[in-house]
Amino acid sequence: MESLEVLRSNLLSPIVLAFALGMIATFIKSDLRFPEGLYTGLSMYLLFSIGLKGGVELSDTPLREFWLPALSTIALGLITPAIAYAAARKIGRLDVPNSAALAAHYGSVSAVTFIAATMLMQRLQTPYEGFMPTLVALLEIPAILVALLIASRAMKRRTLGAAMREVLAGRTILLLLGGLVIGLFSGREGVAPVAPLFFDLFRGALTLFLLEMGMITARRLIEVRSVGPFIFGFAILAPVLFGAMGVACGLLSGLSPGGAAVLGAMAASASYIAAPAAVRIALPEANPSLYLTATLGITFPFNLSVGIPLYLWLANQLAGFTV
Amino acid sequence: MNTHAIKKVTIIAESVLELKIIEDIKRLGAKGYTLIEVRGEGTKGRHASDWAGNSVKIETLVTDLVAEAILQRMADEYFEYYAIVAFVENVTVVRQEKFS
Amino acid sequence: MESLEVLRSNLLSPIVLAFALGMIATFIKSDLRFPEGLYTGLSMYLLFSIGLKGGVELSDTPLREFWLPALSTIALGLITPAIAYAAARKIGRLDVPNSAALAAHYGSVSAVTFIAATMLMQRLQTPYEGFMPTLVALLEIPAILVALLIASRAMKRRTLGAAMREVLAGRTILLLLGGLVIGLFSGREGVAPVAPLFFDLFRGALTLFLLEMGMITARRLIEVRSVGPFIFGFAILAPVLFGAMGVACGLLSGLSPGGAAVLGAMAASASYIAAPAAVRIALPEANPSLYLTATLGITFPFNLSVGIPLYLWLANQLAGFTV
Amino acid sequence: MESLEVLRSNLLSPIVLAFALGMIATFIKSDLRFPEGLYTGLSMYLLFSIGLKGGVELSDTPLREFWLPALSTIALGLITPAIAYAAARKIGRLDVPNSAALAAHYGSVSAVTFIAATMLMQRLQTPYEGFMPTLVALLEIPAILVALLIASRAMKRRTLGAAMREVLAGRTILLLLGGLVIGLFSGREGVAPVAPLFFDLFRGALTLFLLEMGMITARRLIEVRSVGPFIFGFAILAPVLFGAMGVACGLLSGLSPGGAAVLGAMAASASYIAAPAAVRIALPEANPSLYLTATLGITFPFNLSVGIPLYLWLANQLAGFTV
Amino acid sequence: MNTHAIKKVTIIAESVLELKIIEDIKRLGAKGYTLIEVRGEGTKGRHASDWAGNSVKIETLVTDLVAEAILQRMADEYFEYYAIVAFVENVTVVRQEKFS
Amino acid sequence: MNTHAIKKVTIIAESVLELKIIEDIKRLGAKGYTLIEVRGEGTKGRHASDWAGNSVKIETLVTDLVAEAILQRMADEYFEYYAIVAFVENVTVVRQEKFS
């Protein structure tokens, strides 16, 4: 399919349109508001479902196919926050806590961006590796830890403990890993009876979730003017750079072009469940307006609309070279 | 009926602080607390972590001394960087010993 | 099928029985209560789903089949509130705000009554036009505006602005129209991945919704004695008259008998999401007990039980003439 | 299948693993918490769904197959609370209110344990009678009433009235019986349109519910040390005894081995929705820590993990004799 | 503007008591009440019926006499066996007649 | 620790009024507010718009003058036709400037 056609198909999918509808709702000051708890409930459902799906797929994957992508994902999780930190300090001239906060967010991964990427692959019938959800967990954890480690060194403070607990026992990782282990132990046959809830409804639930995400993003967008040009540039260029690195790592470790594009989207995405909570506790001096406007207001809609098709295009181009 | 004057301390804070504040007030001598999730705006605008769910409002009935200690702790630890409000009211209860 | 048989089949459907169960729960003072937010969540889901469904169908409909029914729906939306207002003023001798409040409610449309009508058609395998959900939005808006216009003229007051915003940016219209546009742009194929949530679960969700509606209706029914004979008569006769008008308009503008019956049910129904909120803001002097008891306590159960089968019977009779 | 294989298959099912995940979440002090109302919403859904399922099956069941199992279920509901009461008074030396509280809980039935039992049967393709959900309602009511009757006699007090209302108009019975009647009247064909919500999603919903149950159980387990050895023994031995009685009654009244095992699981289980609410109102002197730790902390996980496979094994052994 | 001093009685209790307490306060003369679901811990720990949903917090604006009567009733009827807290505050309202 | 006496205004109203009341109190000088959804009964019975969701309870910490102005505004604008209750309490805070 033509690249432009891919882009069009991505933009006219129900999930992207629902996201736009949510933004419109906020802009016209609609009284639309999700009931207390629906947002939380949906995000729990999505995390558990991708874990479960990943576990089932992993139960069919030979270890030999898995270890190389796993290692390069961890490597991405160590390198990308370091790059983000250096850029924020050197180019953006931000202080230590704000730089570390950005590093934690851009090193880790947005589950929704990940899902949106897999859904585009499915719509285009581009195959990708089934064990990708496992990589989400592998990318999420090191990035946040590295960022907090940098901060605690630079600030000569020891608040890492609480923040680490926050990440590891936090509901993001718990549901993702928990679902994964359940999927792994139950196997494809054991999971079949619960598939109608966790697999068949998945994409509809994501549509509702993105409707609400659109409303949140729009509230952040209003603040974009106040964050300055560096943040704006960072929130576009960091995902492109990390996306390219993710694609390259993916292809080099033997992933299919589809899988590499998904890994690219993961690397390009910025966490907005686990990272913000950990950062708020460990780095209270960092300004939430800065990192939330960057991740939710700019990077997320960028990836959702043009980023993911871009990483796929890149993966297809580079795949020609590597083969 | 014998009644007694004690204090009610109310803390409204962004929800990431929930566990830390509960730990604080228990350590400072509160014998119980009541918690609800709330929405709100303050001097920091729609506060920063509203994406992560709402704020929490924590109310605890305590003696005057404990009330003072809690207020002090909130001011020292959280007022600078977090979206938080704390205030104290006079209330009348029947069973004073339950709260001291 | 025999008319009586249709009535029986309607009364013994899960949705009508769930409605009855809700009423019983309130009458025996059960502690059954829907969790905060489930009612809101379900109604959002239902509105978005009918919008989506309507959009998909509209994407397959030639404009030439659509414009005549659309025009006559708008006409219904202009005429029925005027009739309702005149009746309330002249026959019921109600004051201006209460008459305008009734006009706004009975001119506009109840989404649940609309859905219940389409479900009876499906059960009886009576075909109806796929673009009907589009007509819901077209009927909802003018009716409320006309009623508020009448009121603001009669009361020489200018509160129309806020109330109009309330309706247009309100969640009812936003979800309905938003779903419609998403369905239209994504098309049948694009919507397929989200169909399990938005289409397959639709009728089950409606059953739960009606369980709660039954509880709300029962609370209103308790107040029926206090509203006087005019309201009681109005709440039965207005739907029958408007239902007949809707059926006639539908047949004349070329709808199938099934489609005409559904349009009849729409015209006969009284709004209870958009209208009450707009009316409460724009006409605070109107007594909510009056209009909520009429719409929720009497008209809604009337339509759900015998009204809809009646409009279908009428459509079948009249269809004989028009052909 | 080998007994041990059955046990393994039970332990590695998604629902048991989700229950374990919930326990782990509490033990590691995760911030995982179900949104307010999801627990209530899920339990309402599960009760209504089993009612509906039971009603549909009952509509196909000849009365002659049903009356004997129904009678013996009622008998179980009369005898088991009496045994529980006597044991608590004589062996455990508990006071009247605490003994009556235990009797009410262990006489009645846990809907989730019932569902878990039917799911194991389905996984093992062991047939069981479709009308079993009807028996849940028949077992639930008498047990609580008998227990409260004993207490009110022993304590020479008359608070039975309020507690009886609590049980009969309570949401457990209302949803169970309501669903049953709707299923019975609508029949298999009438229920088909709502099957995707109420039947297909059922097992997934149970998985989520058990995730939350795991968290609740873990909180109770922490208190196990404080309840003393009698409660601990009671919470294991009572289910085994009542489970055996249920299996025997089931086989004697003509149920299949699968049905008898399900009836065993029902008799072995302890209520934790209807009974605790009724007991708290009627017997405020009874210590909730005692009965909740016993039912939620010990008996429920016992039944879920090893109890149900045990009753099935027993049913298969005894079925050899009776045939 | 004329304002008047009246009492606000707050009751936090396990949710099984909701209907009984509402009945009580109405009978004792309260003209209205406001209710929310809350979480909490008290001297009975995470209270016993937390599995059944949260506690409820009931607030009612009443005259001094009614406030006293409600407090007395709570103490007599529920304090011994149930997880419950009750207290009284002074508040200022405009329409005194609405609450007495 | 220096503490200061200010006012807490509480407004309980049917939820259609939410946005209008928030606008009002901000315009009259409130620097923030906290909001929760509540259920309740008053002199108008289970109030009229209960089908549309619950009432809201809005609390705002303000100076004495602002408190008076808010009460006046509520009385003038909403008391006649809407289900609404408003009252004022004295509270003690640390950072007076945050609320004035």
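A, B, C, D, E and F label the chains in the order they appear, each numbered from 1.
As a working rule, a residue touches a chain if its C-beta (ideal position, glycine included) is under 8 Å from a C-beta of that chain, and two chains touch if they have at least 3 such contacts.
Nothing here was measured: the structure is a model prediction, and the numbers come from that model.
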Distance in touch steps, counted as few as possible, from chain B out to chain C: 2
Comparison of C-D and D-E (more C-beta pairs in contact): C-D
Rotation angle (°) superposing Cα atoms of chain B on chain E, nearest 5: 120
Equivalent interface positions on chain E and chain F, same or different at half: different
Centre-of-Cα separation between chain D and chain B, whole angstrom: 40
Separation of chain A from chain B, taking each centre as the mean of its C-alpha atoms, in whole Å: 35
Averaged-CA centre spacing for the pair chain F and chain D, given as whole angstrom: 47
Contacts with two or more other chains, residues of chain E listed in rising order: 36-37, 89-90
Two or more partner chains touched - positions in chain A: 31, 36-38, 40, 196, 201, 277
Which pairs of chains touch, using the document's own definition: A-B, A-C, A-D, B-E, B-F, C-D, C-F, D-E, E-F
Chain D residues within the chain A interface of the complex: 12-14, 17-18, 21, 24-25, 28-38, 119, 122-123, 196, 200-201, 203-205, 207-208, 211
Touching residues on chain A, where the partner in the complex is chain D: 36-38, 40-41, 44-45, 48, 52, 165-166, 169-171, 174-175, 178, 181-182, 185-186, 190-191, 193-198, 201, 277
List of chain B residues in touch with chain F within their complex: 10, 12, 36-43, 55, 57, 68, 71-72, 74-75, 79, 85-90
Complex contact set, residues of chain A against chain B: 36, 39-40, 216, 219, 272-273, 276-277, 280-281, 284-285, 288-289, 292, 296
Chain E residues within the chain D interface of the complex: 14, 16, 20, 37, 46, 48-54, 80-82
